[in-house]
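Several structures are given next for inspection.
Shared between the two complexes below is chain A, which has chain B as its partner in the first and chain C in the second.
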Partner chain A sequence: MFFRTAWLVLRKDIAIEAKSFEVLTTTLFFAVACVLIFAFAFVKEGRPVEDAAAGILWIAIAFSGTLALGRTFERERYGETLRALLLAPAPRAALYVGKLLGMLALLAIAEALLAPMVALMFQAALFSRPLLLVGLLAGGTLGFCAVGTLFAAMLVRARSRDVLLPILLYPIIIPVIIAGVRGTAALLSTPPDDATAIMWLGILGAFDTVFLTLSLWTFEPLMTE
Partner chain B sequence: MDVTVGVDFDSVQLVDVSRHFGRRRALANISLTAGAGDIVGLLGPNGAGKSTLITLLATLAAPSKGEVRYGGQPASRLGPALRTRIGLLAHELHLYPELSARQNLVFFAELYGLDPRGLVDAALESAGLTDRADDAVNGFSRGMRQRLALERALLHRPRLVLFDEPFTGLDDHAVGLIADRLRALAAAGAIVVLATHDLDLADGLVTRVALIRNGRLISDEPAAPGLRARYRAQVGAH
Partner chain C sequence: MKKAFGPLAALVGVMFVAAPFVVANAPYESTMGLVQKIFYFHVPSWFAMFTAIGICGVASLYHLFKNSPKADRLAEAAGELAVLFGLMGLVTGPLWGRKSWGVWWQWDAKLTIALLLEMTFISGILVRKYGGPGSDKLAAAVGIFGLAVTPFVYEAVNIWRTIHPLTSVVPTLSAAMAGPFWFCVSAFMLLLVVLLTLRVNLGARQAALDELYLAQED
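And then the complex of A and B:
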C-alpha cells in the first residue's frame, strides 16, 4: 500500500504536468536565466572566473528547486487537494514519498540541462568524472528535496508561504549545498581530486539519510494540523 | 479490494473535545454523539468552530483535549484504515482542475484501494457527467464540479459523511440534488454531519441540530419546526 500510494501520487503529478508543463517550463526557464546571468557576470572576454562553476551550478539548482517546490504544492493548495490526499487510507508518509519522487524527477530534468550548460559557459570539465558528478548531483538533490518537500507541504496553508519556504529551507540545507559545491569543485580541479569528491559524496549520503529519516518520521504529525 | 471490509462503526462520539490554535480557542469542551441514519446539522455563525469540528471528525486534525471515538474506539487505535469509512465534501472541492473528471475519479478510487472499472463510470453517470467524462475539470461550471466532488467523496461508500458548507454558490436545482443524495445516504445507514449556516436548507433536512457559538456547543436536540426562531433565540440574529 505504501509504495502503491507513492506511485499513484507521482503518476498523478506527472499526468498534471504532462497537460500543463507549467512547473517544468518555469523551473527550466528560471534555471537557465540564473546561469545566463552568472555567465554575464563571471565570464570576462571569454575567460570565466576560476572555481565559479561549481557554486553557480548549485545555486541554480537550489533557486530553481525552490521555485519548483512552491509551484508543485501550489497545485495541492488549489481546491485543497492536499487535504483529500491526507484523507486517503494510506500511510501519510507515502504521500510525502510520492511528492518527493516528483520533485526529484523534475530537478533531474533541470540538472540534465544545467550541467552541460554550466560546463559549456564556464569551460568547466564537469564531465571528466561523470559517475561522481551524477552521484553528487543525486545526493545533493535528494537532500534538498527531502527537506524542501516536507517544508513546502507544511506551508501549503500558510499565507506567507512563498517567503517562509526559503527562510526555513536554506538554513537547513546549507550543509547539503556546501557538500555539493565542494564535491563538484574537487571534480573541477586539475587533475580531478577523486578522493575529496568521494569524501563529500559520503557526507551527502549521511545528510540524506538523516534528512529523509526525519522527514518520513515527522510528516504525519506535522500534517495533522 | 473492498474497503468496507475491516474498520466499521455505527456511531461517532466527541468526548469533551477542545481544540486550540496557539492561544486561540477554536472549540471548547464539545461532547456530541451521532449514530447511523442521523443527519446532524452543525449550525452557527461564521467562525463558530463548525469547520474545525468537521476537520477533527475527518482525522485531519487531532483534538488538543478530549477524544473523538468511532464506534467507541479512538482514531489512534483504528489507524489509516479508519479513513476508508470517512468521506468529506467541503466548499473547496478536492479536485485537480487540470485532470479530466474520469482521471480525478480514477486517481481517488485507486488511492482508496478500489478497482476503478465500473465504479468510475457509475459515479460519472450519477454526477450526470458521462458525456463530459474526459473533459478537464477547469472547464466545468461550479455545479458540475460540485456534483463531481460529491461522487469523489462518496466513491468508497463512507460510513461517516462530512459536509462542510457544500451548498455555497449552487443554484436551487444543484442544492436539491445534493440534499436528496444526503437523505439517501442517511437512509442507507450513513452518519451524516452537515456544517452550514443556511437555516432554510437545514430546516426539514437535518434530523438533529447542534448549535455552536464561539467554539461551544450551546444546544444539541432533535430537529423540529421553527429552527430559525430557536436559532435566533440561542445564537442571535440571523
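And then the complex of A and C:
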C-alpha cells in the first residue's frame, strides 16, 4: 500500500511533466545559466580559480533545486490538487515519498547535465573517481530534497511562499551543501583524496538519516490544517 | 510562578550587577591573560541559547502533534530568545577571536554551524511574521529541524579538529575559575527564565486580546 501510493504519486508527476516538460526545461536552463555566470566570475585569463568547480556545481544544484521545488508545488496549488491528494485514504508519508522521488529524479537529470558541464568549463577532474562523485551527489541531493520537499509542501498554504522557501530551507541544508562541496573538492585535488571524500560521504549519510526520519515523521501533522 | 517572578527578576538584576566584579576577581588565564575573561559571558550565552533551542524544539514537537497554543507560545518565546542569546555569542566570540586568534572570524566547523543555527531561528521568526495564517506549524517545523542540527554543533569541535577550544575544557577549569564561570552560567540561565516568562505572558495576553476582538465582531 505504502510503496504503491508513493509510486502512483511519482507516476502522476511524471505523466504531468511529460506533457509539457515545463519544470524540467526551466530547471535545466536555469542551472546552465547559473554555471555560466560563475564561469564569467571565476575564470580569469582562461584559468579557473582553484577549487571553484566544487562550489559552483553545488550552488547550481541548490539554486535550481529550489526553483524546481517551488514550481512543482505551485502546480499542485493551482489546481488545489494537493488538498485532493491529502484527502485520499492513503498514508500521508507515502505522498511525501512519492513527491520526494519525483524531485530526486528531476535533480538527477539536472546533475547528469551539470557535472560534465562544470568538469568541461572549469577543467576539473570530476570524473577521476566516478563512484565517489555519484555517491556524494546522491547523498547531497537526498538531504537537500528530503528537507526541501517537506518545506515546499508545507509552504503551499503560506503567504509569500516564494521568498520563504529559500529562507527556511538554506540555513538548514547548508551543512549538507558544505559536506557535498568539501567532499567534491577532495576528489578534485591531485591526487584525489579518497579518505576525505569518504569521510564527508559518511557525514552526508548521517545528515540524510536525520533529515529523512524527521521529515517522514513530521509530514503528517505539518500537512494537517 | 507569579509570586516568584518579582524576586527572581530582582535576583537576576543583582547577579548581573555583581557579575563584572566576580569576573574581575577571577585569576588570569596563563596564555591569554585579560582577553580570556570574555569567556565568562561568551560560553554562558551559548549555554542559554542551547537551552532555549531545546525548549523551542520540544515545545514545537508538542504543538505539532498535540496542537497546543500554549506550547506554541512557549516555542515562539524560546525561538526568539535563542536568537537573542545566539547574537550575544556571535558578538562576544569575534571579540575574543580577534585578540587570541588575530582574526574576527574563522570559517571553521563550530563557528559556521553556530551561525547557521542563528540563521535558522531567525528564519523561524520571519516565517511567523510573514507566513500568514497557519505559520505557527511552519515555525514549529523550523524549531524541530533547528533542534536536530544542534547536536552537530556541539560535537563539531570534537569531530573536526578546529581552532575553537574543545567543549571538554569546562570540567577541567581550576576552582578559582569554575566559581565565577558557574556564577555567570546561572545568571544567564535565570535571565533566560525571566525573559521566557515575560514573553510567554505577552503572547498569552495577545491571544486573549485577539479572542476578545473576535467575540466583539460576532
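In this text, the second predicted complex is superposed on the first by the 225 of 225 C-alpha atoms of A that agree within 3 Å, B and C clash if a C-alpha of one lies under 4 Å from a C-alpha of the other, contacts with A are read in each partner's own complex, and residues count from 1 in each chain.
Please note the rule applied: a residue touches a chain if its C-beta (ideal position, glycine included) is under 8 Å from a C-beta of that chain, and two chains touch if they have at least 3 such contacts.
Values in this document were obtained by computation on a predicted structure and should not be read as measured data.
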### Message
Contact-wise, after the overlay, does A:T141 reach chain B, chain C, both or neither (first, second, both, neither)?
### Response
neither
### Query
Which holds for A:L150: it touches chain B only (first), chain C only (second), both, or neither?
second
### Task
Return first, second, both or neither, reflecting whether A:M1 touches chain B, chain C, both chains, or no partner chain.
first
### Task
Would you check which partner chain A:T184 touches, where first means chain B only, second means chain C only, and both and neither mean what they say?
neither
### Which of chain B and chain C A:G79 touches, first, second, both or neither
first
### Message
Applying the document's definition of touch, where does A:T27 land relative to chain B and chain C: first, second, both, or neither?
### Response
neither
### Query
Is A:A90 touching the first partner chain B, the second partner chain C, both, or neither of them?
first
### Message
Once chain A of both complexes is superposed, is A:S64 in touch with chain B (first), chain C (second), both, or neither?
### Response
neither
### Task
Could you give the residue numbers on chain A that contact chain B in one complex and chain C in the other?
225
#### Entry: Contact set on chain B toward chain A in their complex
3, 55, 58-62, 80-84, 86, 88, 90, 92-99, 103, 107-108, 110-113, 136, 152
### Task
Under the touch definition given earlier, write down the residues of chain A that touch chain B in their complex.
1, 5, 8, 12, 15-16, 19-20, 75, 78-81, 83-92, 224-225
## Note on the structure
Note: in the complex, chain A contacts chain C through residues 147, 150-151, 154-155, 157-160, 163-164, 167-168, 170-172, 174-175, 178, 210-211, 214, 218, 221-222, 225
#### Entry: Partner chain A, residues of chain C touching it in the complex
64-65, 112-113, 116-117, 119-120, 122-123, 126-127, 130-135, 137-138, 140-142, 144-146, 148-149, 152
